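Below is a structure I'd like to ask you about.
Labels A, B, C, D, E and F are assigned to the chains in the order they are written; within every chain, residues are numbered from 1.
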Amino acid sequence: MKLIMAIIKPFKLDDVREALTPLGVQGLTVSEVKGFGRQKGQTEIYRGAEYHVSFLPKIKIEVVVPADLADQVIEAISKSAHTGKIGDGKIFVIDIERAMRIRTGEVDGEAL
Amino acid sequence: MKLIMAIIKPFKLDDVREALTPLGVQGLTVSEVKGFGRQKGQTEIYRGAEYHVSFLPKIKIEVVVPADLADQVIEAISKSAHTGKIGDGKIFVIDIERAMRIRTGEVDGEAL
Amino acid sequence: MKLIMAIIKPFKLDDVREALTPLGVQGLTVSEVKGFGRQKGQTEIYRGAEYHVSFLPKIKIEVVVPADLADQVIEAISKSAHTGKIGDGKIFVIDIERAMRIRTGEVDGEAL
Amino acid sequence: MIKPRNFWGLGVLLFALVLALPAFADDAAPAVAAAAAAVPAGPPKLDSGDTAWMLTSTALVLMMTIPGLALFYAGMVRKKNVLATMMQSFAICCIVTLVWTVAGYSIAFTPGNAYMGDFSRILLNGIAGHIEKGNDTIAFVLASGIKDVADMTTTIPETVYMMFQMTFAIITPALIAGAFADRMKFSALCIFITLWSLIVYAPIAHWVWAPSGWANQMGVLDFAGGTVVHINAGIAGLMCALVLGKRVGYGSDNMAPYNLSYAVIGASLLWVGWFGFNAGSAVAANGRAGMAMTVTQIATAAAALGWMFAEWITKGKPSVLGAISGAVAGLVAITPASGYVLPGGSIVIGVAAGIICFWSATSLKHMLGYDDSLDAFGVHGIGGIVGALLTGVFAYGPLSATDASPDGSPGGLAQLKLQAIGVVSTLVYSGVMTLILLMITKALVGLRVGQEEEREGLDIVLHGEQIF
Amino acid sequence: MIKPRNFWGLGVLLFALVLALPAFADDAAPAVAAAAAAVPAGPPKLDSGDTAWMLTSTALVLMMTIPGLALFYAGMVRKKNVLATMMQSFAICCIVTLVWTVAGYSIAFTPGNAYMGDFSRILLNGIAGHIEKGNDTIAFVLASGIKDVADMTTTIPETVYMMFQMTFAIITPALIAGAFADRMKFSALCIFITLWSLIVYAPIAHWVWAPSGWANQMGVLDFAGGTVVHINAGIAGLMCALVLGKRVGYGSDNMAPYNLSYAVIGASLLWVGWFGFNAGSAVAANGRAGMAMTVTQIATAAAALGWMFAEWITKGKPSVLGAISGAVAGLVAITPASGYVLPGGSIVIGVAAGIICFWSATSLKHMLGYDDSLDAFGVHGIGGIVGALLTGVFAYGPLSATDASPDGSPGGLAQLKLQAIGVVSTLVYSGVMTLILLMITKALVGLRVGQEEEREGLDIVLHGEQIF
Amino acid sequence: MIKPRNFWGLGVLLFALVLALPAFADDAAPAVAAAAAAVPAGPPKLDSGDTAWMLTSTALVLMMTIPGLALFYAGMVRKKNVLATMMQSFAICCIVTLVWTVAGYSIAFTPGNAYMGDFSRILLNGIAGHIEKGNDTIAFVLASGIKDVADMTTTIPETVYMMFQMTFAIITPALIAGAFADRMKFSALCIFITLWSLIVYAPIAHWVWAPSGWANQMGVLDFAGGTVVHINAGIAGLMCALVLGKRVGYGSDNMAPYNLSYAVIGASLLWVGWFGFNAGSAVAANGRAGMAMTVTQIATAAAALGWMFAEWITKGKPSVLGAISGAVAGLVAITPASGYVLPGGSIVIGVAAGIICFWSATSLKHMLGYDDSLDAFGVHGIGGIVGALLTGVFAYGPLSATDASPDGSPGGLAQLKLQAIGVVSTLVYSGVMTLILLMITKALVGLRVGQEEEREGLDIVLHGEQIF
């Protein structure tokens, strides 16, 4: 199994989720994160104190899928999260050794 | 070493933490996440605009343990986070290559 | 490529980011997390109900770098996040199999 | 498990008890009766200054419930219940407005008998009676309807008096909500509050504030609602906490307040609004209103500091929740006393309320083991009792003196006894009736949401909304 | 795409229409003209009680906009627009204050002609005229400037009257902002509001409230601003929603409110402040003010419960947003009626407003497909129309009776016709003029932020700030 | 490091200076002295309208501190300090209430001498003196206690006057807290504020507002507290910022406000409450109160727009924090002027305050390098100076004219000189005394929390609570 971890623009979340469903992805986990990268933020000024907002709001999606689905999932995410503007984000793939569904105790492929 | 990443129901956090202590787990990190899965959420309606809440609040626990402790930790989490109702969550295991304690510079097993 | 995941004290974030830039790290992702560890929190009392705050606010940094940069990055983080006081945090290293930049479709080394 | 059928008997018993109470203190009645001698000549006139102050006071007291109490309570619950908690105050405000219009006002403030008013003002029937040429210039007389018992002549229109009293009728049941926060069904709340407002609040208001009310005639002092509002809501809250049972996870889960800053805003608006509550209870912009405002301010500050230092000493830190809880305790305790005591007495009342309520909310509750989520009883019930009794100790005669009663009602043992009667009757009547009404509500729709729903939070479960 | 040039023609047409309207209802005029008979002897005197109440009312109505409306609106938008939404109310408060000082007040409340005032109070020129020895004791007379038309004599200083009216001039454009929330440029807002306040608000206020205004002379009833404030803001909002177009992502993105608890605080402060709005419109602390406050409270509660139960029945849950929206709908609807109707009528007005506005905000809007972000039209426009018309049904004569007009203005078919004229003229004039002003603003600076900027959020893009 | 021992000398010097000041402006005294000629016959009567307004004003001014200022300040700090910042306002409110009751009021408002009052009202002794038959009908006379110096006769009860002034005594030290936010120990705050209220605030209030006060006699104009409240708090804040030193991480860490929407609510409530502050300072519901309210509104709007446009032009964006800061600057600046100037002058005062305070809070502070966390000095100190001086320019005689002084106090060079004396004496006395009191507090309990504790945040460290 592979953990696909994608950092995307927040407003693309629904698109990505919809793109994954047809592939049979039945679950995923998202977190609100802040991203630092090539995309530049705005400057905030509070009574003369300037802060450059170098961290921009992003969404991190973590989805564990069987190894053979990984390519399709990566493809689907990269398409649905794409705007072509700087800051679209990244996809990383990590190997998962084991998985378990807490409710049933099912493991690995069954657990996803 | 293994990173055990568990997605659980928020109100189970204290139970899980208490279940890990006797195993010698001395540290862990948690984040608030939103989960999408088989468990269905509620519908929110704001002046006629309906939004289905497909993302439900979950807690993600990340705990790095020596490889030989992994089984026990998984077992402890799966027991303490179990309610038997849909949405109980998942446990994933990832291999960790190195670990370091920032305060002391200790590495690997020593760092946990 | 390696994913360097560091749990640090929140006020050290800017220092760490500044320490990484000279190494050529062009992007990273941070999340607000709560950490449980040797560092002890305060006790909160609300009208006689006592809650020990065992989870302390921490920042999790996730940065993916080429394998050969990993040592330098770990070194830089451990130096810049160091206060010497308990609770300074940990650094974990995980192997990354693939990476992709959503905007361009570039992969692996190119994507970082 | 408490069995519903036992309550009916208790209710009957209670009525009998209440009927008997006046006999305990007959000696106090003459002073009041004598007041009837002063009869104003011609129809009483409106005073624009008094009316201005009472219009303002009405706005201030409404502000106490929405958004004051809504924020105070919402600031103490967990994130998942913030909206539902605000909704409780808001919905109660709406429901009681209609209940009061339809019948509550009539039951409370028409002559009737010593126990309740009559139905002459049902649907506010006749309240526009003497309006002519837009500007009604005839002031309202709160009639006793009893020979030898004085009417109370005001200098404001009846609509304003009715509205001012409505805001009291609103906040009282809203206070109860603190006890069942986090777990009561919204449908149950709607039914329970409607009944409670009519069957518990309106009669007690009549006893104490209508010239024909038995407690009023007997000489029980309650300037702005120590018994009618606070003890009443406090004991009703205790009953709710007992009948509903503890919150899921009580004692094990972390129930720390989500955003105490809301509670600070709420407590502050309660404080400011309470000027309308207490100084407004003078029903005029005069020296008595000024003194009521003064003692309110002093007692509140003293109580806040009392709780704060008590906590600082015993727990090591002065908490914000402690300071604002103390302030509310002080406001509660000075309420019955506000038109009767001087600054010196108000300091004692404040300090006593702060320290005693600190003890009741942080120790007594845990000793007795009930889960009164936001301390409706610990703060309002106990604070109200402290205030009602100390009113009997510190009352300064000249503040309540009239031509007919040149000594007023000075504090002393006799008055303390009267105050105790007021306290006990309220505790008993309200306590028992609340139990009965809870049982009725339970039979109709059930009281509590399911355990899973409680875990998920009332915001999403009951109202389909959440804060992010 | 609407073409700007078409509007100029419409504007001219409109003026003609408005000039013609009085002819439709000539029969109603005599009653008002007759009122001129009552002439006060000597300069009118200040009344400290009335002045106290009007000072208070002014504070209450200001509180409705800041922080009331600011919170109500900010509580309904997404996190990224919370500050910008609050800024809209705040900035409008500042801008209109100066506009009103410079010319708005003069256009609205000096005699002039039937359509607008004159320029005698430009920059409040002469408002300090009869100040002598600090305490000005001469009360303000709102002069008709027309033979045979009665002046309106108050018992308060002109400064207070001017200030009270200023707070109405502030809230009206602030209400419009609900329609264009989340997407309008701040520079466009500044320009548009300045023009709108002068060219739309001030004249309509003159028509309805100046003794010389055509609607006032004709007998159109609008106690506190059903036409002037709510229908006016509502229709202007609808035009803004149509011209600006939908928000990016409307219908697909999740636009759930970030923090509804702000909206609850806002609605609560609106409710409390509305006592100043409606009871203050009696311009005195008297029986009429008391009745206005009473019916305001009752209609609001009835509307909140009306919307709540309508939603509970049709959607399965009573939402908090529903209850507070209903309350605001009730406040809106009772506004024109408040000094004219009795409690019975107010319940009907409230329930009608609650249910009809529920329908307009949840169904009508989606049927018609415009994106009025926070329902400025659905609540204020529709609620205002309901209230203005029902005023014509339920008005109780004695409340508005005077020596000169001993029957007052009772409801009935004749009055309903007059009310309809008031409603239609406001809809047409405000609607058309708003379109023209939007075109002018668009030509000057553009109306809408870019799509990327809208996605990022107005807080950071327009103001360089954010909440965390 | 400033050495404590130097201050004692300075304190003595200062007293000498203050004693000498009256000599600079002897020529101004006769006008005031002449006012003594007007002697009222018989005991002065209460006026219910004036009393109603002053009761309301008291509530409004209390609302300025809690929750107004509490929110304004809490909205500008980081998340970890939100509760502690609200607690500062709340605790100061409680502490000063008792200090004022015990001795502050007596020191400020009894005759005494030109520098401070006497102890005749210690513990409010005698304030209930002429209460008889509940409704005290005798109005309060603020006695000068000096032959040939007029008493000030009011139309309200002394309790109301005392309470109104108490709310001023509360907000002044609460303003200082903006300067030491994020780092002062709570125990230090309790001690410092107690001393400061007695030793700095009460005497300065006496100088300026007691008929016997030297500044009052000299003719220094300060209608509602430009010197007594704002300059006083501003300079005290500057001293605190200097003595405590910068916040840990100042200049490097991101100190962006956690939730500016709180600050917007706070500024809005300050604005609304300020109507009580300024119009209430007329101590009556009359034309002067109306004019004070009018100029308050106009100056505030002008200042908000002044700051906003200055920022828009120089920094590219109009920030929300800028607009609300400007509004507060305008409120501050119009405070001393409010009962003396006309609308024209108020626009100038507003614009000047907005632009100058923008410069002082965004540039001056950084140039000088002190860390006044929330700009207590930059906004209140500087704004107060602008207002106090411009009062001397724009004062319009008739507003302050009396029978005894038919020309009132018109602006001009002579008046400007008097105003400058008022400003300088306040700066010097308050500045030096504040330093001394800080040293005393430091010696007793230390001023600042440890560096680790500051990093962790005051909420959890000082109060054991947090917001989530």
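Operating definition for what follows: a contact is a pair of C-beta atoms (placed from the backbone, for glycine too) under 8 Å apart; a residue touches a chain by one contact, two chains touch by 3 or more.
Just so we're clear, the structure is a prediction, and the values are computed from it rather than from any experiment.
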item	value
Intersection of contact partners for subunit C and subunit E	A, B, D, F
Third chains touching both subunit F and subunit E	A, D
Duplicate of the C-F contact set - from A-E, B-E or A-F, the pair where over half of the pairs recur	A-E
Interface numbering overlap (same over half, different under half) for subunit B and subunit C	different
Chain centre separation (subunit B, subunit D; CA means) in Å	47
Whole-Å gap between the CA centroids of subunit B and subunit F	54
Numbers and ranges of subunit B residues touching at least 2 other chains	31, 44-46, 85, 94-95
Interface hub residues of subunit D, defined as touching at least two other chains	47-50, 52-53, 56, 254, 256-257, 285, 315, 317, 319, 321, 464-466
Chain contact graph, described as a line, ring, star, complete graph or other shape	other
Chain-to-chain touches, reported pairwise for every pair that qualifies	A-B, A-C, A-E, A-F, B-C, B-D, B-E, C-D, C-F, D-E, D-F, E-F
Subunit B residues touching subunit A - in the complex, by the definition given at the top	2, 6-8, 31-38, 54-55, 58, 60, 74, 77-78, 81-95
Contact set on subunit F toward subunit E in their complex	47-50, 52-53, 56, 60, 79, 155, 256-261, 264-265, 267-269, 271-272, 275-276, 279, 284-291, 293-294, 297-298, 300-302, 304-305, 308, 315-321, 323-324, 327, 339, 342-344, 347, 396, 398-403, 406, 408
Parts of subunit B lying in touch with subunit E, wherever the complex brings them together	44-49, 51
In the complex, subunit F residues that touch subunit A	76, 254-257, 315, 317, 319, 321-322, 325, 361-363, 365-366, 375, 378
List of subunit F residues in touch with subunit C within their complex	249, 252-254, 452, 455, 460-461, 464-466
